[in-house]
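Take a look at the structures below.
Each of the next two complexes has chain A plus one more chain, namely chain B in the first and chain C in the second.
Up next, the complex of A and B:
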């Protein structure tokens, strides 16, 4: 921009002229490759305006471990869950929209155009050259606007549908327009079916648009503006017929579209290939039954041939679209393969959309396993580049990955497909946020199930959390894979991920995690075990906090509580607790088990019995006492040896001595023992005889003890 | 001597009406640039917070600290001198007003080609969602005014205390 620094300021107008004349792009280079002195410069390659930028961009790879560049690179502003990713991107776009609204609403404040390079000002507000339309306020049309045909042309060119309709009305409807403009207006209406599209500049809104499934229903507005304009057109040109038929066929008004086609044929009006393509796409709406439909499809193709129209890739896609929409079965599959083969003979290769429809037709969820994907991928790998040409092209990769994961369950194929997506700039074919996340859902699922563990972890480290945040179902798969491999440290880290991704409230997932932790806990090193116990303590604390919050705020949907099974998992994990967190986790789990009056899982009984003396040895007497009395309350026979052993630790006697002590002088125990030891003694008697050791002076027996004795 | 200079200056005012050559030749204020400008006075209680940028007086620019505006307008034959200065001031005021009470540092404005990058440190007093809204809003509105791409490069800190370098 500031390339003409050498030229003094007063010459800048001249400079401007010079620049346009003498710029590199404007230079004449020799076109012939042979010259007199033997030097032959290569012929000039014409370049686009952004080619250099693209070449530069191609030298920089993507860093999958960094947040997407649309997010701000700051710890506070990097999103880590799906909800936040969506919220942040859309907030930024909302801000941009607000600014655009101000610009359009107060257009008089934005009339200045910056001038560069500075020149003598000609008129107060008109000095920039060239004008950049992207920064200028957009025209605003209401009932009082004074409009001309130029406005209508502008709105049509920019696909501002509602504005175009407004201008059209202000111009006086069908009568006051040139036929050329009327045609392009009709084309606009037919393409969008009189519905305002989301503008191109709102990238995020399009990216995060809720997944709207394509509705195979008649949505064409009968008797709408498009129909009116079409009837008012005299004479009706072939272009007008093409526009209205394609519009009707696109929005599944098949009968009217077909009737208009017949009308056009009778009048001898030539129709284009794309008209027939759109008719092929909705032929199923005219006929019932597979054989009749196939016949009609073939009839249309023959008709195309009679008209002298040559088919193109879209023709193939349209045929396959119809075939795949009619269900499955051998007949349709046979016809589809036959069609593809015939088009191959004509030199027409199937596009990505065509392959998408083929996959839909062959790989049904309940159907038999048919492997056509291998051939498709082999074909696509041979192609130099994959260019998106049709709207459904973006569906190919997610469907293919879904087939890899659910239908074929083949990790090698999935890897090949992923490599294909990552090749060149094929990533643009991933579609939108919704499709991207489904694609990765399938990919991660199949990797967790079938890939070697090293590859799985490598993949998880690369994708999560910046490219993809796993949904609960995928998280479960990941936990399963980690459990299977006994990756303790990763499992311990998984709790943090659950928290960050906003899954911590899902009891099912948390229970799964606890299960996995307690299963792998035994074989881990002490350090990892300590981490795991800390995690268990954290989980319990998180649950308590959530419950408190719930009580305080009186929420509608209650938080799910952890089951007794999960709590026993915690106990099992913490049976050999070393750190404070482990003891805290065990104590909390025990407290909650007793509060719920639930029985622990059988495996946890042994763990509990082992926990009590260990707790006593580490001077957690209260916990030891609580463990033993809980065992006794539940009526497990482990209570007797556990209480003897624990008491021997607390009193620093041998087990025989303790056993004798417990058997002999019952009354004196209440006075001589400390509270924790007394509670253990009580538990011993509860377990032994079914009645607790009861004395009138016993003030130390806990509430739960007396409750349990009542039960007995 | 000072008074005589003032008198001459006043006379030149009268002169300037006739000839624009005399209009802006005289400087009548004392030269204080090396003594007080860009420096902060010590308070009695020694409780005035200074950021690193404020703590270093102007003569440390390019030694201990750097410029707040980066552009080529002041080079020989540089273009858009006054426009750049006015625009930078406008951007600073706009940022300070839009991110009200959040800006913890100087607003640094860097111009490269037709691209303006604006850097600042913000307080984490509003939610990230609101920050993103303001980001998009600021970028879009500034770029429509200045008519070139504008990018915000923010960093966030927990509180203003985090950017305080010393108290004087």
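Up next, the complex of A and C:
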């Protein structure tokens, strides 16, 4: 306790000394100082502007059960389906974009501070001090703008390509620029091939943008601005050569790139490792045939060595990229392994993108199963951190998970990979929303198929719905896994999930769910059975509502109706109905089956026969009557015993008495029986003879005739 | 479909075994050989089967062309390793034959009428062209009409047969046969593959190419803008929406929207950072040299200096410009000022005195 007090006192004394030592401005504190009483304060650690925030952010744990931070402003609107997640995040971003638009559109309103006198206006754009570029209206360039080289520099630094071209033209084209600025501009043009890049500011938009695959085609703009600038540059510096060659190679204009490389070599212009890396990436556009290409690849590496250039990780990645793009096969795989070994000898470890290309090369869908992933994961686990070095690094995790699920079908490997992704802040390597969902699709699929059930459910509870919303195909996998384990309560809950995730309209999935429910239904507890029957009732009700809506709104794509098979599943499930919902479900299913004049599945016949007397026992006489007459209409033999039994329940007599009654006085029955019982009696006769009791009972179908004639 | 094809192939093979005529595609090879052996053949007596048999045996024992020579001269199907015994195929063949005929007769029985006729028709359907009333498969094949149009010469037939026998004695070297067995092998191999037994492979097991010799590091010409842009692309590829408020703050800090840590109320006013505060406050020095040392103008200017020294928004340059503006103003009004006697003390004269 005492020491706690003493140390601050010492500190204040120390601070006093420091203050006296430091200059009046007080910018510097002594780096190390040992005071007379033996206390040595640690040297000052220079901190970056976000270090403390990062330390604080690291203390916030990851809560998979909570919605993502961007959604939790409004608990009422927490999105649970993929569509909504996307829509909400993008609409928030759209608000920000709208604000930025207004600011840019009315730039004159955002240029000065209230207290600045008009004479302080220095430029027509912006005068505030300190200037905060993020809040300033974006400079707008048109043909009348007065621009300087500073504007060009600004546009190049911020990668505003179209603006840069405009400013460049305003400045008078190739002739009116300093060579240094021209070089910067050339690099910008080459890097993006004169196409405006994605803006940095809109994170959500990029996150949800559908990933456009990199085109493997010659897209370099021949004779474009970059070419013009390059030809106008005199003398041509090594940088200019490097920039134009890298640009051409990046957009697969291989022949020109090689020609320029040759030219540069003849002139004795020093090239760079990056130039060779980019050339390695486009060998395939120059040579045909695997052996020629491998020759060329080795040739380029030898050339690099001759030029005295040392390779780096990108060199390895470029080699593997080329190799993986040329197909598969033992030769290419052998060369790839050799390359990896060569670079390892040089102390260059493969980056994540190198591993990505290796996986592409070795793990083909049709090819033999080759397990290189275990090795790769073991290597990555050894590394302290996985720093992204190239944009392609984000492809590694989704490809590796795909290999786990489709190629190796190994859940342990998948879990190791997932653990790796969750380590430190590796999660940023997952890429964007699209890649993330593919990653989890693979992960959940492999877990559903191969993991022990407890582990699967644990995983599902963790991931769904906040981190990942399963797509229909994955949902089917989940339902299969649940059915296999007979997890009745979870199956019952799955309907809610289908509803929330927006899959309830997919008849295929709903039918799968009903099938699973009816298969597992028998072995469940009463409580779970009740839940299941409620779910069945809900499903039918949802279908009816959807149909009604469809009629009202005249939708273009009609909702899919449940098949007779699915309705039979409902009947099977509700054969021993325990609650009102169960009875309602059975009644609805029966109604729809009769309306469609469909035959039930064979398995449902027994269920129907069992349902009728049970319904009668629970005073659902109309349902019992409908069941029996449906059986009779379809011409099933079960109709006769079922009708006798049901009638015996309703009339409270023994079955023999009822049988006799039905046989004997036919005419008197019509008057003495209540409507439900009468219907059953009619059904009995339909089944027995193929003709109804009264001729007026016209609803009995003719298709029963052929079948019932056999009974006679 | 597949099984049917296989059966057909088997049957084809079977047909070929039984027929006494070699397939037409072997004619080319055989006709060349015949010239060599024709003399020997001419000596032998005509059309005695025993003689032919003897001859065949002779040919078997002493082939005119040695194996290697034959191989050199004529294109032969490459030798393939056989995995299964020929008997297996025979047995299978028989089984297939049996099952086909049995099935056909069953169907014929069920249909009724002329049982034999139906059965034969069915079998002929299976076999393609044959149409007769015999019921066993071998019967059918024996009864087949064989095209003999090309082989008018008896000796040629014998010789070709000798060759054929020789080829046939080396059991089942025929191409169809090997292809079939190969296919079988392939399918079983694929089955093995689909079993969860991936081939484990060490990615670092390769032999180095041996191209690069370790030297000092040299990465050549550096492109600053290019590197900056690729860094930007990398950042774009790995950036994610913030997951908590601190991350959002980090994002804002990086975008320059909030104060940077450590907090400093002069942040962003870099222009004046290297100007000492005294230059902002002690502005009297700028009055020296032109301003009267006393009187109302001096008083006024001192007040201006006090005011400026308290202004936090002007830069030192602006403050000086402000004072200089007054200087020019007073100098332009010098005549009047002198008349009233407030501009008497000339700095130069004062300095000299």
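Heads up, the rule we're going with is that the second predicted complex is superposed on the first by the 628 of 712 C-alpha atoms of A that agree within 3 Å, B and C clash if a C-alpha of one lies under 4 Å from a C-alpha of the other, contacts with A are read in each partner's own complex, and residues count from 1 in each chain.
Simple rule for what comes next: contacts are C-beta pairs under 8 Å (C-beta built on N, C-alpha and C of every residue); 3 or more make two chains touch, one makes a residue touch a chain.
It should be emphasised that the depicted structure is a prediction, and the values quoted were computed from it without experimental measurement.
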First (chain B), second (chain C), both or neither touched by A:94: first
Of chain B and chain C, the chain that contacts the larger number of chain A residues: C
Chain B versus chain C as contact partner of A:102, first or second or both or neither: first
Which superposed partner A:132 touches (first chain B, second chain C, both, neither): both
Shared contact residues on chain A - chain B and chain C: 89, 116, 132, 135
Touching residues (chain side chain A, partner chain B) in the complex: 1-2, 5-6, 8-9, 72, 74-77, 79, 84, 87-89, 91-100, 102-103, 110, 112-114, 116-118, 128, 132, 135
Residue ranges of chain A in contact with chain C within the complex: 47, 49-54, 56-57, 60, 62, 68-70, 89, 115-116, 129-135, 156-157, 159, 183-184, 187-188, 190-192, 197-198, 200-201, 203-204, 206-207, 238-239, 241-243, 246, 270-275, 298, 301-302, 304-305, 307-312, 334, 336-342, 344-346, 350, 358, 362, 368-372, 374-376, 379, 388-391, 393-394, 407-409, 427-431
Complex contact set, residues of chain B against chain A: 72, 75, 77-80, 83, 113-114, 124, 128-141, 143-148, 152, 154-156
Chain A partner contacts - residues on chain C that touch it in the complex: 193, 196-226, 228-230, 232-251, 253-257, 260-262, 267-270, 313
